[in-house]
Every structure is written in structure tokens, then in C-alpha cells.
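Listed next: structures, encoded as C-alpha cells.
Both of the next two complexes hold chain A, though its partner changes from chain B to chain C.
Our next item is the complex of A and B:
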């Protein structure tokens, strides 16, 4: 027999309790990792390859306020602007759904490759889309979810605008950080709305990253003191602004994370205390046999740490495997992207929590054992 | 008995504080125990015999007085030194056996040896010898729950012997055994004493005390004879 063998036998002497303890740690750590991944998604949204060059231009008053079409030629002439497209959020529902999980945008098809170059699709499908005013292109995730084919009808019922879109699928794209969106012709929407002369936003592709700040300044200056002042910012800044609207969600998730860790600490500490309390007599015998305080402390710490480590492996390993196989978009009703993954930082945080649990849950029982006299311990349950 | 004393107790007093009341468990005891003796401590409940045994074995400390065992004054050793001393010099046998239920008989006996520098082969030799001595070599893989009470106590004795201590202390070792198993255990203790080990046993039972080479009686914390 070895000391580690002795510790393992003690840790699993009550198999049901050990299993329940490990499972509670595993489930809680898995939940913690999920919450941290979601939090990370909100705080650090994924970026496209071209996002460092993209500039979002919206109405300074509100994201919901439109921008006049007449701004387009002015922006196009601004030095440093390489490409430009309108982008209007439609917000329709598909197939009678009450809440559709993908977003739909009107844009200028001829600008797709120039502005959103990561969106890869067959050339013939792109040309077909550009050629047909009532066609659309659909992200690969959405196509998979609804089992869509080229040529399928794709009707969208307007919820923001008082019109419905009767679209036909011209092709599918993939390669962006969010392959759920649907793009259609801005002109088609304009026609249905009676040419209102407005768009939702402008999206610009700058010539180089160095020119981005200058382009932003020039765009903002171009419409300063006009009837439609704009707020131009990098794609990253725009995403963060958008996310900041969900501040309460972030706080909520952070709070839940804290509660999960706290509850986990209580469960583990309680389990270890119970396990040690029923072995006070045995631990006193070990003391009588010559085991010293720090050795008993190490036994309890190792036992507690071992249970937490097994819980960590099961919980975090399990959830990492789930990240690879679960469609989170479908599971969250479109709130999250299809694929999520735990970064090394998040796994590290979960590991630290597991280590902390091992230490915290062993402290109280270890201290009580070290303070207990052998004689008092031997009297226990006498 | 001409052997040198292994235990020298002078003016030993132990007072327990129970709330605001001081209870004198041992009152100015003087006692010498010679090497190789089989001493039995007798007396009614609360007479202080177990307390005396605990102090001699180094698991409790006196309030005043000296308890010198093998030239070490128990009161002067710190916690860590006392633990080492117990491991090397004292074998414990308890009334309720106190075996670790998740360990086999072999592993229970091996437990005190984990604190030594011995390798697994040397440990195996010592454990096998100790289990042989108590007649349980064929039960070494059994868990305590698979053994009878008498067998459990023999395993506990093997655990007490495995480090080859000079002093074996037994606190009512036959208290939980029927007469047949009690006789077995007492015979083993007497054999140990014959082989040179000093055995100190607390008992209520005059028949058990008869196995000892000397018997002393305590009453209200004092030696009465």
C-alpha cells in the first residue's frame, strides 16, 4: 500500500457520496464554463478577418433611425474608402415563426465580396443572386437548420416594416463568424416600401488599417450639423456598443457565475466535513500511530482536491466535448451562434475554481482534526 | 524483577477542566514499570487508569509531574517529536480494535510502517511476520468486516507489533470479545511480554488481570495497592 493508495481508498470509501460529490462538482463546473463562454461571447465577440478594415456608420441619434440614401456618393468619395454598401436590418419572421433565430439584411449584392470578403460562396450562385432582384443568399447554418436548397422560396413576414419579402434562394455562403444571416437586395426592399430614400446603416471597407481612423473622422465630419448626423466607428466598437445594450445580461451572467461557485464551495465543504466527521476516530488512531498534524492535513487536502479534480475532468471535459457536438444556436433559440468553445483562459478559470474548492472544502475539517486531541478523538462514538 | 524500569512516573497529576469544575483524574502518582513486565491497571470506571495509560503512551500530557518513558519525559516533547516517538516505541491495542474499515488486514498492519523509510519488500516481510505471530497470515487480504471480533483484535495486535516497539499499551483489549477470543488475545499479550516487550493493559476483568505479571489498582486517581 502507498500513501496515495490510502488516500484514494478513503476518498471513495462511501462510493455513493463520493459519486454525488464528484457529479455536483462536475455539473457546477460545466455550468460555470458555459456561463463564462457566453459571457466571453458578449464581452469579446468573434471577429472576422476583415473586421479590422470595416467601419459601421449609423445614425447618431439611434441605431433604429435610418440614414438618407444621398449620403452614399459623399461617403464613396471620402479618401480611404475602398468599398461601401447599405445594410438594412429587416427583422422578419420565416415560415410563420413567432421569433426567427437568424437576422436578415438588405444590402448591395455587388459589394458583398468587397465589404464582407469572408463570406465565401460559389461564383455562379453569387452571380445568380446579383442578377435576380428578389433572390437572397442564406448562411450555411440557417440552410442546414431548415434543410434549404437553391431555388427554394424563402418568404419573410415583416415585423418592423409593413411589407413581406417573397424571396428565392440564389445561394449559400459560409466563412463568417455568424453564418446564420440572410442577405437580400436593398433595392427590393426599397421598391416594396415605395422608395423611401433611406437605409439602415452604411458599412465601409477601408483601404488599409492605418486609414481606418482617418476615414472615421472624415465620415463623421462630412455629416456633422446635417439633418442626419452619423456615428462612424470600427466594426469592433460597433459590436461593443451593441453589446453594451445588454449590460444587464452580462451582470446577470456574472452574478450567476458567482452564485454557482459559492454554492459549489458550500456543497464540497459540506461533503468533506461529513466525510471527515465520521472518521474522526480513525484519524485519531492515525495520530496515535504516529501520523503528524501536517500529514493528516495533507491526507484531507489530497482527498478533497482529488474529488474536485475528478469533477473538473468530468465536467469541463464533458462540456468541451458538448461544445464540439451541440448546436448552441438551436438550443438557445438563435440567441447564441452555432458553435461555442471554451478558451484556454476559461478552462484555466475552471481549473482554478476546482483547486480553490479542493483547498477551501478541506480547510475546516483539516483544522478541526489538527486541533483534536488523540484522546478526545478516540472517545468519539465510544 | 531486576530489569531496569522502562517507565518512571513521579508525582504525576492530571486535572481535567470540565466547565468551571476541575476534576482530578490522577493525583500525585508514583510508579515504575520494568522492561518486560506485563502490568495490568485495574480499578472502577473513572479511577484514572485509562488516563494513566494515555499519558504513558504519549497521547495525553500530565498537568504536573514527570512521566519518563525510555528516558524521554513525555511532557517535554513537542507534538511532532511525540508523534515520532509513538510511532517507533509504542504499540496500541484498543477495546474497539480501531481498524480502518477500507483497508485489508495486511494494509491495516502496514499502516504504521508508511511513516518509516522501509521499502515495500521490507514492509511486506515485517507485516507478514506480525500477522504470522497472531496466526492470521491466511487472512491478510480480508477486510475488517470479513473478520470475527477476535480476529480483528489480533490484527490490531499485529499492527501494534509491526514496528517492533518496546512498549505495548492495551486499553481493555478483551472488553468487546467473548471469553474464547479474549483468552486468545491475552495469551498473545503474555507471549509478547515473555519475549521482552513491556505490556501495560487496562482491564476491569480480574481474570484478564491474572495474565499479568503485576497488577496495580487505582481509585479516584490514586494508587491503592
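Our next item is the complex of A and C:
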């Protein structure tokens, strides 16, 4: 028998235990990956291609306070501003729902391509949207979820604004990092509200990345000490601000990750040492035959390593397959975006944990074997 | 024959080395489950702690939260003088028009900004909410740009201590007092004078109004009158009922807690099965002896299930204890989905939650011990007696 053959035979001698051990490692690694993906989503939200050029402008008081329309021509004239649109969060509920999971924004359709260039949609649909004031465009994920077609009615009940939108779908877009959002005409909302002369935010596209800091300073300065002071920041900073509002939830998930890793190490280490304890007599025989300590250690290490590796492949492979096929957004009630995926970094972390697990769980048994005197080992019953 | 209770109970402890890791592993699962669920309970309890059954809260129709509601002064005056509204000693109706403003403030620990609810309250508004009491400093004086912050918010945000100042919307506000809301939703607010709030933030209207009814019947009567008046376009709910609904933030947390518990318990389940299989294997002779003594297969099965349940119950108790002594009552906060501001609440580990945690552990223990127990029960007597 070759040495690898010997190790494999040993690992799967107690098939049930090997299987249970592999499965518990797999379940724990799968959970670790899910948690890391969620954490990553909070700490490091997905970035759009155009993200580095975009600037979000909100009322300095808070996101909930509106901005006056009169700011638009002033911003448009600021050097470095290439395009600009109003962006008003409507926060309505899709008819019949009590908490709708996708966001809806009022904006200027003519600016869609200039500001949010990564949102791809057929030319005719874009034109149809621009032409019809009460129409909207819907992200591909939301369209799929509700099984929507062009021309469908899309009613939204206002919760922040005292009006309901009676929208018709003009088209579908995809290609942004969050293809769930719905966009409609800012003008339509203004009309329903009786022209209040306010918008939610301004969203700017700068001419180049170098000009972004300058544009931010100039926008902030333009309205300093006015009745509606603004806070302009990069789209990234705006997102991070939003995420920092999650407050303690973030650190909670991080600490759960470490608990999972610890529980995992504990359980598989105990299983491994159980397997070795059972074989003390055999290992003594090997020792008596002249195998050296480090060779025995290598046997044990290879065995626990192999089990951890199989667990890793099953667990991480399984969860990656699940990411591809399960709609996590629906399962979590809209808490998570629909397209989750494990980045290479996360898979790397899981692999490292698996390797660490292999080493840790072989340490204790290896130590006891190396200390064992041959005579004592041979005397051991069971 | 019943299983040999003493034998099985002691077996769990005799092999403590191999069961130890399993117990700790399962205990961690339960601790995580209880801890995460206690967050959701904390949010719900904070909501349930708020409100007075005699109070009626009036908001705009369709508004989900006070902050997005608008009550005009005309509406305020019509509703204030409806019959059934309690009058104070001077004969004025006890009603408060509140103005809510969401402001963005830096955190105390420098980890960014978050939204905070600023509530403009009339003197009647303070009387209507007896839960809120001043614990430090003094109340704001009308006509001054002064605020009183909740103690819990003051612990989380910069400049909310007494004497602290912050600028928002072109006004500089000074903190002159600290209040305690007795674990209600008001613990997530900063208060200032109602008229001051409207002038400082240029709001002609109120956001919501709160009034005291003379009796339960009067409260129902006012509600009916308001709802029958189509022109008012407002919605009146009892304050208690309004706050009870503000628990949407708890939804995803519950989801997270359940999801975590399920996946983690699968891992723990395999570990428990492993331990119990090993235990059955090592005790083959003992099981054979029990059978010879006349114990039936089903009492062996029952006995091993009992072992699994006992092991799991210990783990459950340990896990709950860890969660309870580690977190119960600790204050924490996150973004409130309805209020759009930071909400402060406690980890609340209730007896019900502990019962849930221990039950959950026992279920895992029973499932995990079923196959090993079946194996033990099926061991052939003669062969097992011969086993080394």
C-alpha cells in the first residue's frame, strides 16, 4: 500500500464519522461565507463604473430635508459639472404591499444616460419613457420578481408624499449595481404635489475624476449660509454614510463570524482527536515498526487536512451554487440585494480557515502520539 | 421497562471529554440565536413601552411615520376643539402639535454620521408624555435656541452633552438638559420648543398632533368624528397602537437570527451525532449488558434520546446564560426603517426567549441522537457482549 493510499484508507475507515465531520465543516464554512458576503456588502458596497465621477448633493440638515429647485441652474453653471439631475426618493409602496423592497426615484429622464450611463436599455424604450410623463422604467430584478411587461400599470402608493403615482412601464434597464430601482419623471411628482419647488437631492456627474474634489468644494461653497445649505460628497462617501447608519449591526455580524469560526474549530478538533484516540494502538505499532514521529505527524496532518479540504469544497461550492440560484432578496424580505456572490477574497478567507482547521485539529492528537511510548500504546485497550 | 435514568444521566458526565466540545459548540449556537433574537425583542419592547392609552395621535392619511406627516394649523385647531378632548385647569384642550425634523449629526466615536430625530413639543406635549423626565440640567426655555437630549442619544452622538452645541439648517442649538425616556421610543429623540422648531426650520405646519381624551368612549368618539370628516384627510390612532406598529426594523434582524441559527445548528447537529455515535460505539458492551438484564430495545432507544436531550439542554442553558450575562440590557442602536433615524434600544433576553433557546437546543439534541440511539437499540445482544 502506498502512503497516500494508507492515509485515505485511514480517513475513511469510519465512513460515518468522516462524513459527519466533513458535513459539519461544510455547514460552518458555508455560513462563514454567507456572513462574510453580508458583511462585505455593508463595509464595501458594490461600486458602479461611473461611481467615481458622481457626486451626491443633499440638504445639510439631513437627507429627509428637501432642496429648492432654484439651485439647479446655479449648479449647472459650476465648472467641472458635466450633467446633473434631480433625484427624489419617493418611498412608496407597490399596490397591495405594506413594505415595498425596491426604491423609487423621481428624476430627469433626459439626464439618465449622462449621469447613470451604466443603466443600459433599448433606445426605443428610453425614448418612450422620455416622451410619456407618467411612465417609468424598472430595474431588471424588480421586473423579474413581479413578472412585468412593457405597458403594464405600475401604481405606487405614497407614504412620504401625500400623493399616489399612477405609472405605466415604458421599459426595463439593467447593468447598475442595484437593478431593483424604479425611475419616474420628477415633473410628474411635482405636478401631483402642486409644484412645491423642491426636489430630494441633486446628483451630479463630473467631467473627470480630477475635477471631482473641486466640484464638491464649489457646490458646497455656492450655497453656504443660504437658507438651504447643501452637503456635496462623492457617491461612494454618500453610500458609506448610509451604511454607517446601520451602526452596531455591522460589528454584530463581524463578531458572529468569529464565534462561528471558533465553534467550528472546537467541533472538528474534537472529532479528529476522537479518530486518533481510537487508533492509538495502531499508531504504536507503526512506531514500533520504525516510523518516526514526524512521519506519524504527517499522516495525521494529511488526514485532517484532507477532511477539512473536502468540507471546504462541499460547503463553499454549495453556497456558491446557492448564490447563483437562490433569490436572497426575496428570501430576506428585501434586506439583501438579489445578486450576492462570494468574491475571491472571501473564498480565500474560507480556504484559510479550512487550512487552519486542518492544522489545529491535528495538533492535539499529533502531540499525544509523539509523546506516547510504544509500550504504553500497545498496552492500551480500545 | 423504563430506561435506566441514572445510568444515562451519568453517562453524559462520565465521557465529559468528548461531550465537552459538542456542548460548547451547541451552546455557542444557542447563544448567537438568543442574542440576535434579543435585538428584535428589544426593538419591539421599546415600541411597546411607548405611549399612553388615553392619548390619540393624529397624522396625515397615508403617512407611515410622524416625520413624513403634515398637520396644518387649521386641522390642528379643528381637532383640538372637538368634544371629548380633555381640558386642563384653565380650560384649554390638552393637545400638542409636534414638529419633527430629521437632522444629521456626527457620532461620538467618530465612525461617521447618522440621522437623529428632533421633536418640537409644546408644553402640553411634555405633559402628555409623562414617561419622559428630566435627569440633568433644565428644560429648554421658549424663545431660546435650546434643546434637551435623551441620555441614550447623548452617549452615542457628539455634542449632545449639556453645554454641547451643534449647527443645523443655519441655526446653532445648545443642549441645556438631558432626559430619560424609560426605555421608550423617546429615548431616540432630541426635544426642543415647538414654536422654536417651526421658526428655526421654517415649517409653517406641524408634523403630527397628540391629544388626551377624557375617557375611552371619548377617545373612540373623537376617532369616529375625525374619520367621518373626509375633508380633514387625517388618521387618528391611539398612541399605543401607533408605536406598536413601528417594528419593521426588527424584521430583518429576526430573519438574520433564524437563518444563522438554522445553518449553525446543522453544523452542531453533525457534531452531536458524531459524539453520540462514538459514545454508542464505546459502550457496546454496556448496552449488551443492559439488554441481558431485560431492558427492551425501545428503552435503550429512549435512554439514548434522553442522553442527547440532556446534553443539548445543558448546552442550551449554558448558551442562554452566556447571552444573558453577556448582553442582557446592553444598549445598542441601528437605523430605524420607519423613523429614518437612529433608534436606540436594549438587548432584551426575556424568559420566553430563553425557553425558545433551550427548546431549540433540545430539538437539535433529539434529532442528533436519534440515529445513534437507533443503532444502540438495534445492536445484537450476543455480538455486543463479545465486543472488546
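Convention: the second predicted complex is superposed on the first by the 380 of 382 C-alpha atoms of A that agree within 3 Å, B and C clash if a C-alpha of one lies under 4 Å from a C-alpha of the other, contacts with A are read in each partner's own complex, and residues count from 1 in each chain.
Keep this in mind: contacts are C-beta pairs under 8 Å (C-beta built on N, C-alpha and C of every residue); 3 or more make two chains touch, one makes a residue touch a chain.
Worth saying up front: this structure is predicted, and the values here are computed from it rather than measured.
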Fit or clash between chain C and chain B when superposed on chain A: fit
Contacts of A:16 with chain B and chain C, given as first, second, both or neither: second
Touching partner for A:375 - first (chain B), second (chain C), both, neither: first
First, second, both or neither for A:65, with chain B first and chain C second: second
Contacts of A:266 with chain B and chain C, given as first, second, both or neither: second
Which partner reaches more residues of chain A (counting touched residues only), chain B or chain C: C
Touching partner for A:6 - first (chain B), second (chain C), both, neither: first
Which superposed partner A:288 touches (first chain B, second chain C, both, neither): first
Contacts of A:174 with chain B and chain C, given as first, second, both or neither: neither
Three-chain overlay, closest Cα atoms of chain B and chain C, distance in Å: 10
Those residues of chain A which chain B touches in one complex and chain C touches in the other: 382
Of all residues in chain A, those that touch chain C in their complex: 16-17, 20-21, 23-25, 27-28, 30-31, 34-35, 60-65, 91, 99, 157-162, 225, 227, 229, 231, 240-241, 244-249, 252-253, 256, 259-260, 262-264, 266-267, 269-271, 274, 332-333, 335, 381-382
In the complex, chain B residues that touch chain A: 54, 57, 59-60, 79-80, 83-84, 86-88, 92, 94, 96, 98, 100-103, 106-107, 110-112, 114-115, 159
Contacting residues of chain C [partner chain A, same complex]: 18, 20-22, 24-25, 28-29, 31-32, 36, 39, 60-64, 67-68, 70, 101-104, 107, 111-115, 168-170, 201-202, 233, 248, 251-253, 255-256, 259-260, 263-264, 266-271, 273-275, 277-278, 282, 332-335, 337, 340, 342, 388
Footprint of chain B on chain A - complex, ascending: 1-3, 6, 9-10, 13, 281-282, 285-293, 295, 373-375, 378, 382
